[in-house]
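Down below are the structures I want you to see.
In what follows, subunit A forms one complex with subunit B and a second complex with subunit C.
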Partner chain A sequence: MEEALEGNLELKEIQRLEGHSDRVWSLAWNPVAGAAGVPAMLASSSGDKTVRVWQQSGRDWDCVAVLDEPHTRTVRSSAWSPCGKLLATVSFDATAAIWKHAGGDFDCVSTLEGHENEVKSVSWNASGSLLATCSRDKSVWIWEVLPGNEFECVSVLQGHTQDVKMVQWHPFLDILFSCSYDNTVKVWAEDIDSDDWHCVQTLGESNNGHSSTVWALSFNSAGDEMVTCSDDLTLKIWKSEIQKQQVGDGYAPWKHLCTLSGYHDRTIFSVHWSRDGIIASGAADDAIRLFVENKDGQVDGPSSPSYKLLLKKEKAHDMDVNSVQWSSKETRLLASASDDGAIKIWKLESIS
Partner chain B sequence: MEPNQCPNQPIYSDSDFLGPTVDLDETHIQEGYRDGFNDALQSKNQEERESGLKLGFQVGEELGFYRGCIDVWNSALEIDPNCLSSRVKKNIKLMGELIDEYPVLDAKIVDVMDQLRLKFKMISASLGLKLEYDGYPKSSEEQGLDF
Partner chain C sequence: MSEKFSATLRISDLNDFIAPSQACIVSLKGLKNPEKAAPAAKPPAIGEPVKISLKDCLACSGCITSAETVMLEKQSHEEFLSNIESGKTVIVSLSPQSRASLAAHFGLSPSQVFRKLTSFFKSLGVKAVFDTSCSRDLALVEACNEFIARYKQHNSATGEGCKTSLPMLTSACPGWICYAEKTLGSHILPYISSVKSPQQTIGATIKHHISKKLGFAPEEIYHVSVMPCYDKKLEAARDDFVFSVDHHGEADSEAGELRVAEVDSVLTSGEVLELMKLKSVDFKALEEAPLDKTLTNVDAEGHLYGVSGSSGGYAETVFRYAARTLFGTQVEGPLNFKVIRNSDLREVVLEVEGKKVLKFALCYGFRNLQNIVRKIKTRNCDYHFIEVMACPSGCLNGGGQIKPKEGQSAKDLIQLLETVYMEEVSVADPFANPLVKQLYDEWLEHPGSKKAKKHIHTEYHPMVKSVTSELHNW
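What follows is the complex of A and B.
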């Protein structure tokens, strides 16, 4: 049962995970670990060319694996498959690696090549049948997962005019979102009668979009709202009538709902929407901020929501916060990663 | 090709036979313009021919490379039709069609070449091939054939 977000709350530091010898770029919680007796598991990607896998053990966290092959440059991002058994890692060396996790061991079972330069992000779709990657080469690649850990390129999506920073599949529909240095978010979907994918919508300045690099995006648990963060110092909330799309009414476009400005004074690198509706942001001012929808005095009705700052954790790290990720299993548990090489685990709780 | 008339050329009526002599400086301007125009036209033709040859070679070489790859892949498929997945087979077929229908006499060729390069990248990636055509610019760099 979720507690109301009232009273004085604090983000309490539970653990500091050290081990990486360079900045930590990104974090990924294993989606099946952390419940039913399976200890929580977290993967971190670093400029030291490795991925570390951390596992909770009682109150502590241990590093249970260091994946130091095959990447020859910074590992920029990683993502677990929905079943939790595969981990995809992507690197500045222009490749993606697929790891199989079985009985505590990690084996590299496949390497995907194709991008021309630094790969920035990777994402699995909801069913684990498709993988998406994006790169500084401005393209987004979609791969199909075949039996025997084979991967086949389904489509190379071109449309962004600059470095693509992140890709993220919709939480339950096979629609892909990408955001870029070109200030836009693009939405990609498969053609009805062919294997081809194309851009169905671009969220740019003309649709109240960002005016600078869009670094990340995240969906709410219902999948009908999305938050984006940018170098323009704002967070933007977008909405789609996704229920219509689900019943086959055709593509439901995303529309700007509101902009959260004035809360950040440095670039916002990461944003993540928790299952219980809290938006966490990580920024270049070393701080973590939490936002929730402002439900007080909602006179105007649900059509004009507003958000309020729940909490600002200054000096969360010693340097830029590159990634914030809520655990999908344990409520109010947040992990953050920084240029300072550290990873921190936080718990949002009432001040005792 | 007739040289263009120098702009602002005065017009003399038939009875004014002294007109061009009186306007001698104007006559010289006309001659100079005509000679300059003809010279420029000749050198432009030469430049255009050279550009055309260069471009034609580049396009031909790249098309030939893709044709060669497709021929090898099709040969493999003749030996074992199931050695490649249906998606890869479809892309090879589409690539072959793009080459067969390539508009060699059309200057607006960049689109088709881009499609070919894309299909080639997809097929190579799926086959795990580290095969690259050395000639073409990467999409991360500025596009465009210089001509």
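What follows is the complex of A and C.
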């Protein structure tokens, strides 16, 4: 696979999905669709107050659902539950909605109120038992999923000092990550003693962190590395000895590994790490960039990894690229969303 | 300053004026990109960057600004001392939670703390030191009476009010009230008990009744409460707790009518400790002064008494009273509160002939409060009564309490406070409190009377979201 990345590569636009009447903020691939005969499925959230669900049909993509209720303002993002049957959407109307996907239909089965204002991001944990949301009200909420589409608030976390842009659960541990306009990434874990959640680590400028808004984060497939992207025009890679934590050896702190600077000259809004190790970034310069670990001539050994730009797709969109998301099933398939209102599906291919 | 308030209050956007809130409409432009830098063709421009004035803040429902924060700074010990010097009659009302905080800090009993504090305050020139356990008993009697009325209304199944009469939610926690008014509004406010908190009950009692007995006009008294909680300062500043007096009928048209607060100032437990440091007082070495019996739960032998719940004992007191009054059941011994999700969500049930007839809950901390609110909104709440407190672990864990000592965990301190709270304090039924009886005999007539409604009850106001706070385009 790694070899295949050698030579000339191109990001080929294979589909352009039109339908939203305002900017598209974020994308979410259904994690169980796109394999074993189940057609791939993608949800897009937009400033037009709707979520559209797109499904692959042969070479084409159809919009199979437009979720235009109950949100009364911009839908900022959405997330599929690990089983792919529930879709959580969050909106600037301060609510989250939970949709059940059954027999091709989407039914809104629950709404979650509580945030004071705009909800920015939502994430399910690996088992689908917990849901996290974050908001401009500076708080991060954790909800427990109960039978009968009931949700109970298990924690309200108030560590950030500004707007929280994104929440993301670790791919297999129940540890929550949040990033914010306060320039930090915070790591949250449950304290069994007090039966509540606490901030166990803050990655800020003083520990080689970002010097401006952190917009997004993503994990590698092993879950031991994390990439963050920022308004400070850099990507940063972080590492944790997560195996230690898995065997119950206490919290394994995240350490700064390297910074990818000099590649971006506008805000980086989105970053996503593919299962086969390619980091995609979407930025305010309308471009998509791909990075891979540079394994050539590692004279310093594995302790000081570096990353190289694999390719830069100029003018990927007409306006800011708000979201880049690799397909969870099909390798080398990337989706992007933009302020220009379009969603694009890309295939990373060798130039023949 | 803002971090001192309860988390519940903070979630409803207590923000500093110097660093305007993300929710502050006026600051939206001209700051670092709020959601993202706005390219020219994007949503309608809001216009020129606007300067925020204090007036804008006060007129806005968006956040509690440092305008209020500044106002709160005035409720400090400097203000307290200057009022003593100005010759006002200063009365202090001490909460049992603050008493426990100081007792744990100094390794003394609540009774010793109360007596030593009395000598300390009197050495500064304070006229009397009272006990909010006493006014709390009065508030509890009113709450019992209100519950029975709500229960009957609920079961009469007629009239509009019956749908929102139960569950009855307690009103003693100002963080909760502020949150309910700002964020929950008319969905929740009708369920909240109209009874004033112990702080405001003692304030009303002192300014409306005791002042007369002492021969002072209400405005001649400067009344300070000592509380475990910063949010109590906001409560004291509420318009509902300020009243007008005619200036002795004197035709002083310049002065007109006077506005008098039930509680002029609130000091937290921690601020009292600071005050003692400021005065270089060796607290443990202070004499134990006799207590002022007018509004203090102390018996003839000098023993303190009160209800046992460290957050006011509302659920317990009303539960026992309702069991007795509605079902003729005398509940003996301590109540068996069962932990539901965590130690801050507990419930107690009364069964009569195998049927669950009463279901009460203690609900502390913001996360539990959220779930209760959610249940009420979706009409899935089967509790009859809920004692709501914004802070996890309740009032002993208030933001104004003295911080843990070095090496002491917050959890250890709470456990210590829970033990100290009732040390050498005997458990007593509020209905048997002779001081409460006397207040009804001399002043309020009977529970739920017109006079009681006027002085010991209050109302709540949904905060209408201003147009501007809804103006975000991002």
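Just a few scattered comments:
Here is the rule we go by: the second predicted complex is superposed on the first by the 348 of 352 C-alpha atoms of A that agree within 3 Å, B and C clash if a C-alpha of one lies under 4 Å from a C-alpha of the other, contacts with A are read in each partner's own complex, and residues count from 1 in each chain.
Please note the rule applied: a contact is a pair of C-beta atoms (placed from the backbone, for glycine too) under 8 Å apart; a residue touches a chain by one contact, two chains touch by 3 or more.
Because the structure is a prediction, the values reported are computed rather than measured.
With subunit A as the common reference, subunit B cannot sit beside subunit C without a clash.
When the shared chain is aligned, subunit B and subunit C each come close enough to touch A:195. Annotation for subunit A, partner touching more residues between subunit B and subunit C: C. Using the contact criterion defined above for the overlaid structures, shared-chain residue A:231 touches subunit C, although it does not reach subunit B.
In the superposition on chain A, A:267 makes contact with subunit C only, not with subunit B. In the superposed model, A:156 lies in contact with both subunit B and subunit C. In the overlay built on the shared chain, the residue A:116 is in contact with subunit B and with subunit C. Shared-chain residue A:137: touches subunit B and subunit C both.
In the superposition on chain A, the residues of subunit A touched by subunit B in one structure and by subunit C in the other are 113-114, 116-117, 136-139, 152-156, 158, 195. Of all residues in subunit B, those touching subunit A in their complex are 85, 87-88, 90, 118, 121-126, 128, 130, 138-140. Across the complex, subunit B is touched by residues 112-114, 116-117, 136-139, 141, 144, 146, 152-156, 158, 195 of subunit A.
Within the complex formed with subunit C, the subunit A residues making contact are 74, 92, 113-114, 116-118, 136-139, 152-156, 158, 162-163, 181, 193-196, 212-213, 231, 267, 269, 284, 319-320, 339. Subunit C contributes residues 7, 10-13, 22-23, 32-34, 36-37, 39, 42, 183, 341-343, 366-367, 370-371, 374, 377, 392, 411, 472, 474 to its touches with subunit A in the complex.
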